[in-house]
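In structure tokens below, several structures.
Common to both upcoming complexes is chain A, partnered first by chain B, then by chain C.
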Partner chain A sequence: MTTSVVVTGLGITAPNGLGTQDYWAATRTGKNGIGRVTRFDSSSYPATLAGEVPGFAAEELLPSRLLPQTDRMTRLALVAADWALADAGVDPENLAEYDMGVVTASSSGGFEFGQNELQKLWSQGSQYVSAYQSFAWFYAVNSGQISIRSGLKGPSGVIVSDEAGGLDALAQGRRLIRKGTRMIVSGGVDASICPWGWVAQLTAKRLSTSDEPSRAFLPFDADASGYVPGEGGAILIMESAESARERGARVYGEVAGYGATFDAAPGSDREPALRKAVEFALADAGIAPEDVDVVFADAAGVPELDRVEAQALVEVFGERGVPVTAPKTMTGRLYSGAGPLDVATALLAIEEGLIPPTVNVHPAEEYGLDLVVDQPRTAEVRTALVVARGYGGFNSAVVVRAAA
Partner chain B sequence: MSTQEFTLDDLRRILLEGAGADEGVDLDGDILDVRFEALGYESLALLETGSRIEREYGIVLDEDLLTDADTPRALIAAVNEHLAAVPRAA
Partner chain C sequence: MTGRRVVITGIEVLAPGGVGVDNFWNLLSEGRTATRGITFFDPSPFRSRVAAEIDFDPQAHGLSPQEIRRMDRAAQFAVVAARGAVADSGIDLTAYDPYRVGVTIGSAVGATMGLDEEYNVVSDGGRLHLVDHEYAVPHLYNYLVPSSFTAEVAWAVGAQGPSTVVSTGCTSGIDSVGHAVDLVREGSVDVMIAGSSDAPISPITMACFDAIKATTPRHDDPEHASRPFDGTRNGFVLGEGAAVLVLEELESAKKRGAHIYAEIAGYATRSNAYHMTGLRPDGKEMAEAIRVALDEARMNPTEIDYINAHGSGTKQNDRHETAAFKRSLGDHAYRTPVSSIKSMVGHSLGAIGSIEIAASALAMENHVVPPTANLHTPDPECDLDYVPLVAREQLTDAVLTVGSGFGGFQSAMVLARPERSVA
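After this line comes the complex of A and B, so read on.
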């Protein structure tokens, strides 16, 4: 029998809440975390809104040794990992050296750090560029820094598949645990709200140009016009159910199923591959569509992408066949952080028996979705499906369910 | 002709600016003969420290110097040797 893999710790840094408690208190009541960009002057750019993590004081949470060598995304990830380990009641010092590894996702790397160093290169000269530029921008830097900080020498790595990557990282974590590693720190945290990161994001032509926080990101709404980017994400502690049982750990739920597909080239007449990813995840979990109590949607906010997702969900679950929600309407799209944050949110929804709302959206009838809007909905939630898509054709889906 | 002197206080300041300080390490303590590695500084931290010293004092340090000078005392002595050899205009 394949090893059951469970989540025993959560660390959350999100635009509408820092720490699991603040985040869930905000999310369950629909508190918005989107606002005007404050990290740089965005007034001359087409997009001016973002979901920024508020009140994050890295210098109070991390040793000064780490500050000169880390991008904001890494500082957020390190703190989220500290919180997740504490939440799981794991002290890596008490584990065997190779018992724990780190697999995170990344979509852009450390853009803000890189931008600062490139500015020094061109304005002052190469001798002014930080020696830490050699790794601080890497995709793999969050995994590396978490691994070094906590002394985790088990199998580690990074997954890069844009916004689908966060779910792909959890799947890789599950794979490594099934191969025998006791615990994996997984998830994803991205933060790219700086001019260089901003222009890179603008090239996809999917950012909303609205300057009204409550009107800018409206997935599945007739007025959808793109998305608002955000920063942050979630780090999760994963381990075998047996390991969790042995140490008497609190179990949030099981990562029960995973599926991933890749879309055909643009212009192809082959159908979008998202539905297949969902079907693979359900099959992997050994469940039927009617077993799913809620879907956390990818919710692109781009009309043609919303249509593809709605159609996939209607084909699998039937018209208005399952409650669907998109709490990311409160945070913006968090790239590699989105999937892990949605998985964490799904686990908290299971725990409380409450589906957090999609905010600001008036669902378009044509999509045929039972979208949970405005107010949270109480419901017995035992099984949730989380969907995430990455730019360029990545589709991933994860099934989480209440601990047996 | 005046020569600048590079002191332990200068080194402390540059280490803090360029690489910070590890938890549990007191840079204000008696560190002159403690190896950089034991103070929590790996090769990149020393590279960054070296390049900041070069910028500030207008000198060029040998690449080997940073690997050979493995304590504050050794690094301070080496920097002062350079400063004496390449006096700055007053």
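After this line comes the complex of A and C, so read on.
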């Protein structure tokens, strides 16, 4: 009998809401968090829009000594972890020494911090590089800093698989709990909205060049022409159902299934592997397609990728066989933050019985999807599927369901 | 947990001193060092000017011109190592369901070399804050996200199962393999191509380690600059490299008549929750990781024949680690040879963990314990048997290998003979 793993705390930092309450209030009503980049002047670049987390005052939320040594993504992650622990009612000091670990995903590390130090290196000289550069930009920084801040000594890890990584981190969190660790802080928070990160993202040729926030990111729309990148994500507290029961914790839901696959090399005649990831996740959860009440799509916003995803969903669920939504149309694509934020959103959807909408999109008929657009849809949601894909061919899927 | 056991059936190593397992093992068993003055760029502005570089010609190792262009050096290492490991194992991956073959590559700093070079160009030597996208190379996104390393390896070997990069700083190499072992054990996959790669010898990496004085300034004597456990040690020597392993479930490896190097019998990781770069001297959390790894292997401390140490050569690490061995193995720590191959191949950050797993497996294969080179001056705080200077022939059936890194991560892995009696 495998251990059932549940989510008992959420910490959200998203472009359309800071904190779970604000985020859900915005998301359920379709409030868009995409706008013109404010963190630097984007006017000289082909892409000018982003989903930025508004009003994040790190200096009020974190000790001042942490500020010079942290990138923005780490500050967001530390605050999200604080909120998640508080939401779960967990004080790590009251746990046994190795009872809690941290598994986060990252896609590109503390890239803005890295740009600043590279600039000093090349314009001033090596002796001007910050002593904090040795860890502030690297991919492990969020797990390390969260572990130190909250005193978490249990098994930890860091997963990097671009936008699929956030779901892979949750799966690794679940694996560690099944191996015997009581609780895991997991999820992903990313941010690389700096000129250097922007230029690197542009080279993938998937960023939307539209300068209209309501027309820039249109997954499954005939006018889809790329995506808008965003920052933020979610940190979740995961624990065994038994641990949650023992301490009388509020349970958002269970992480019931996971599947991951990788696409064959470009030019291969093998079929896209996304459908397999979805099927593996359903099988792992022990459910049939008809048990799924809603799908949170990866929603790349790139026509070839939208087609692959729509086809996979139609093959598994039938044409218009399940409601599909993409709340990330309100935030942009958050890289490793996307999967955990969608999982958090799915849990909130289960709690309220309401599917948040995909905004601004007029679904193209050819995809055969029942896309929840414009308005939220009231529905009994017990089981949700979350899909995420990473650049290069990473496909991951997670099933969450209402607590038993 | 299922009863599935995981074994190493293929190994390839790219390490300073030469590409390939034979070159690597010859270097280690002869106690030679591959550290030298930096040749990749002008090191004169830096405090530390020594590194362990690989003389690597990607074309000679089968990479096409386009593969070379789109891959950072560390990705090139990973692909060459993965192909070599698959060849060494003799496995025919086309006979497997591709969805049951996965890839994990560990890397601490990803495409640092490529990023450093490309930043210099798009910023025009650091002059432009609004860096110029017109000068960006088309594959820059592959440098932004080190997950591209795993993508390249998966394509190279035809894997379509669960695949990721594991990036826990300097324990990435152990944690990547540990992650892969868990996937085989739980039954999600049949085969994992697992290892790690880093190519960090670039100005930005040298500068940041200069800033915290983590690397040795001993550039007047580069060949003897890496001195783990020696009383005169004063920092590590940055290295580069990769090692990739083929991991399979024991019974299926036996069935196909594979050569089995070792079983990965136990693995654990813990965090010190103390400091991003600092270590408490007591070694407590590393000792806990060792204890749990032994427990998972269902082995007693006294069964360990050799400890392949992290042994970076910083003051704090070698003391911390020595304490951890005593704390976890008790008196047996004094009776067990401990050595650091970083004395010979330097510290390649995320890559070194898998390279050290490979060294551990080869020590079992050859019944030879590699030495700690450059160890002449005893340190009263490091009072174990560190196998100074000369390799030692001895029966080696079980090895403990450990890693410790920035972020506070402490990892331990136990390799053993699969035919041992498991209680």
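The working rule: the second predicted complex is superposed on the first by the 404 of 404 C-alpha atoms of A that agree within 3 Å, B and C clash if a C-alpha of one lies under 4 Å from a C-alpha of the other, contacts with A are read in each partner's own complex, and residues count from 1 in each chain.
Quick note on the criterion: contacts are C-beta pairs under 8 Å (C-beta built on N, C-alpha and C of every residue); 3 or more make two chains touch, one makes a residue touch a chain.
As the structure is a computational prediction, the values presented were derived from the model and not from experiment.
Trainee: Quick one: is A:E112 in contact with chain B, with chain C, with both, or with neither? Answer first, second, both or neither.
Mentor: neither
Trainee: Look at A:R65 in the shared chain and tell me whether it touches chain B only, chain C only, both, or neither; answer first, second, both or neither.
Mentor: First partner only, chain B.
Trainee: Does the superposition put A:V199 against chain B (first), chain C (second), both, or neither?
Mentor: In the superposition, A:V199 contacts chain C only.
Trainee: Where does A:D370 make contact in the superposed view: on chain B (first), on chain C (second), on both, or on neither?
Mentor: A:D370 contacts neither chain B nor chain C.
Trainee: Who does A:E52 touch here: chain B (first), chain C (second), both, or neither?
Mentor: After superposition on chain A, A:E52 lies in contact with neither partner.
Trainee: Applying the touch criterion given at the start, work out whether A:E231 contacts chain B, chain C, both or neither, answering first, second, both or neither.
Mentor: neither
Trainee: In the three-chain superposition, say which chain, chain B or chain C, touches more residues of chain A.
Mentor: C
Trainee: A:S130 in the overlay: touching chain B, chain C, both, or neither? Say first, second, both or neither.
Mentor: Both chain B and chain C are touched by A:S130.
Trainee: Between chain B and chain C, which residues of chain A are contacted by each of them?
Mentor: 69, 127, 130-131, 134
Trainee: Taking the touch rule as given, give the residues of chain A at its contact with chain B in the complex, in rising order.
Mentor: 63-69, 127-128, 130-132, 134
Trainee: Under the definition above, what is the set of chain A residues touching chain C in their complex?
Mentor: 40-41, 44-46, 69, 98, 101-102, 106-109, 111, 114-115, 117-127, 129-131, 133-135, 138-141, 143-145, 147-148, 150-162, 165, 168, 172, 175, 179, 192, 195-204, 260-266, 270, 273, 276, 280, 390-394
Trainee: Using the touch rule from the top, collect the residues of chain B that touch chain A in their complex.
Mentor: 16-23, 40, 44-45, 47-48, 51, 54-55
Trainee: Under the definition above, what is the set of chain C residues touching chain A in their complex?
Mentor: 1, 45-46, 98-99, 102-103, 107-110, 115-116, 119-120, 122-123, 125-127, 129-133, 136-148, 150-151, 154-155, 158-169, 172, 175, 179, 182, 186, 203-204, 206-212, 214, 268-277, 285, 288, 405-409
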